[in-house]
Amino acid sequence: MEYIYASLLLYKAGKELSEENIKRVLEAAGVAVDDVRVKSLVAALKNIDIAKVLEQALAAPVAAAPVQA
Amino acid sequence: MEYIYASLLLYKAGKELSEENIKRVLEAAGVAVDDVRVKSLVAALKNIDIAKVLEQALAAPVAAAPVQA
Amino acid sequence: MEYIYASLLLYKAGKELSEENIKRVLEAAGVAVDDVRVKSLVAALKNIDIAKVLEQALAAPVAAAPVQA
Amino acid sequence: MEYIYASLLLYKAGKELSEENIKRVLEAAGVAVDDVRVKSLVAALKNIDIAKVLEQALAAPVAAAPVQA
Amino acid sequence: MEYIYASLLLYKAGKELSEENIKRVLEAAGVAVDDVRVKSLVAALKNIDIAKVLEQALAAPVAAAPVQA
Amino acid sequence: MEYIYASLLLYKAGKELSEENIKRVLEAAGVAVDDVRVKSLVAALKNIDIAKVLEQALAAPVAAAPVQA
Amino acid sequence: MSAVARTYPKWKTEQLEDLVELLKKYKVFLIGDLTGVPASHVQRLRKKLAKTAEVRVVKPKLFAIALERVGIDPEAFKDLLTGQNIVFFTNENPFDVALKIHNIVTMDYYKPGEKTDKEIVIPEGNTGIPPGPMLSVFGKLKIQTKVQANVIHVAKDTVVAKPGDVISPELSSILQKLGLALKEIRLRLKAGYDGILIPGESLILNIDQYVEMVKAASLDALKIAVELAVPEPEVLPLVLSKAVRQATALAVEAGYVTPETVELVLKAAETKAQALAYEVSRLAPELGIEVK
């Protein structure tokens, strides 16, 4: 999830979700960065409407946890 | 929310949630850091069982259901 | 509820839930304080494990929020 | 949460949610007040319908009871 | 998701989630295997408790899913 | 569930859900394959619109949850 | 064998040869129970499966001999090959063929003396039948009727038979008059063979169950993918949502106010205050604290 938190941090800060930016943030947090992962994350993020996802994230119900009986 | 994402990034990376660390991550993301805010966040986070909060964040809103009047 | 909010404010601030403290907070908020009520509040709070009550109330998950009323 | 309880206390007491009022209540509770935080809190509170938000909060007994099925 | 299914297949079959095993399964399915991806998958799988994850509800709000731009 | 995982692996890889393919994947995972089971699986999958089912799985994860295989 | 074969008439020998040919040509066969299946349904089966299978009505003894001839032990089929049998020879997936056969249904009228396997309901409404002798038949079956505009109306939905009941002549005639062909005729498969014997009850796949399994499997994969934060288009929105939820929960718990968290923080504070108020009001009802 580190990569995701780093991306959201940048997104909220209004910065570009580029490989360099994500890498810099991760490194500042002391995370050993995997370039391939960053690359594929950046590519995947490009195809997502993050604003919309964030909006829905809090609105949507979570899948009901297996309600313990 | 940038401060929170920075904290979560550090938390997941297994790093200490110290003022310095949060500041460093925020700065790497190009965020102009407000020292007082970092201080009070760090203080607040100290009193929280983050693992538990994160887990519960994903739990189904069981308690919410019966509330409708 | 003013008495409860005042108590929680003190509790979260790590202060003693004494009659004087509660009174002072209420007065600062411009509330006309009833000594007898403060006394019985303090007595009741002594018999409550506030930490536990607050923790259980965390059951209010984020997702519950947008439930339109 | 001290700032929030101070605000709720003032709200219920029918007082204005001004910086001065919140500060006074916090100080009465022995909290070292951070001006920036108060400022941003007051700004944030201005944009929401507190009455409605409080109404949507979970009812006590449900939230308090460890939900067991 | 092919990599995930391959991992789950091995997991349910009681086999080790090793790079070789995952590679063999993917190749049997006619998938052109990316060694780096397999490596990072194996490393990531080591950090999660698969049984627990499967047991729990999907740790994400469901309605958010179809948001793809 | 191994048989289902193997099928979905093939499906996601864009391969035919044939007896031979499923068998090959299962064997690569070290699963002792039951021919009749593979045959019945292939027949059943022929009668299922997998794309649609996968979509529905996301929409109604609650219903899907209790199915133990 | 030759001594035995000689005792059969020529047509039987021909039939045997035919069956042996089919068993050699096809590696799969399915055996259906023809008992009580009308010729019209068999006709439909033959027609609908023309491209899938060769169909024969077989005599048990003859089929057993044919099986033996091609090296299949007829012993396993001993209990299956009683009565009237129809056999489908195919090279297709036996489960697939079984589903096809199972899905061919002919609706027919219940005849007097037959047992029903389901509840029969005479629906409320206009029967189109003029009052007269039929009125008493309705009466006999305890179906409430009223006559409107010289037509018998059924007053309300009426159950006239439960599973296991025997159809009376009256009920049979009413069902006919009302055009209610409720009896489902489908061929019951006794077994299939594809290298091994597959019992009839295993032949008809429960597709719904497979659907649920596919759903469960896809959900399993999604759970793991979300947990690993796999950056794939179908997973990433879920992972982002999860992160947002966690961040929000943490912000709320820390009382961290931003324009987007302020409502949630307030709600959380109020919820906690309510919880405490509830406890306090129990111990000190004299405070008159109003708990939601």
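What to note about this one:
Labels for the chains are A, B, C, D, E, F and G, by order of writing; each one numbers its residues from 1.
Convention: a residue touches a chain if its C-beta (ideal position, glycine included) is under 8 Å from a C-beta of that chain, and two chains touch if they have at least 3 such contacts.
All figures in this text were calculated on a predicted structure; none of them were measured in a lab.
The minimal number of chain-to-chain contact steps leading from chain C to chain D is 1. Greatest centre-to-centre distance from chain E is found for C, with centres as Cα means.
Taking the CA centroid of chain D as reference, the farthest chain centroid is that of G. Distance between chain centres (mean CA atoms), chain C to chain E: 48 Å.
Computed centre separation for the pair chain B/chain E is 28 angstrom, with centres defined by C-alpha atoms. Inter-chain centre distance (chain A to chain B, centres taken as mean C-alpha positions): 15 Å. Averaged C-alpha coordinates give centres for chain A and chain E that are 19 Å from one another. Annotation for chain C: residues 1, 5, 8, 12, 53, 56-65, 67 touch two or more other chains.
Touching two or more other chains at once are residues 217, 219-222, 232-233, 237, 239-243, 245, 247-249, 253, 255, 258, 263, 267-269, 271-275, 277, 279 of chain G.
Residue ranges of chain B in contact with chain D, taken from their complex: 34, 36-37, 40, 62-64, 66-67. Taken in their complex, chain A has these residues touching chain G: 1, 3-5, 7-8, 37, 40-41, 43-45, 47-48, 50, 53-54, 56-58, 60, 62.
Contact residues of chain F toward chain E in the complex are 1-2, 5-6, 8-10, 12-13, 15, 21, 24-31, 58-59, 61, 65. Listing the residues of chain A that touch chain E in their complex gives 34, 36-37, 47-49, 52-53, 56-66. Listed in rising order, the residues of chain G touching chain D in the complex are 255, 257-259, 262-263, 265-275, 277-279, 291-292.
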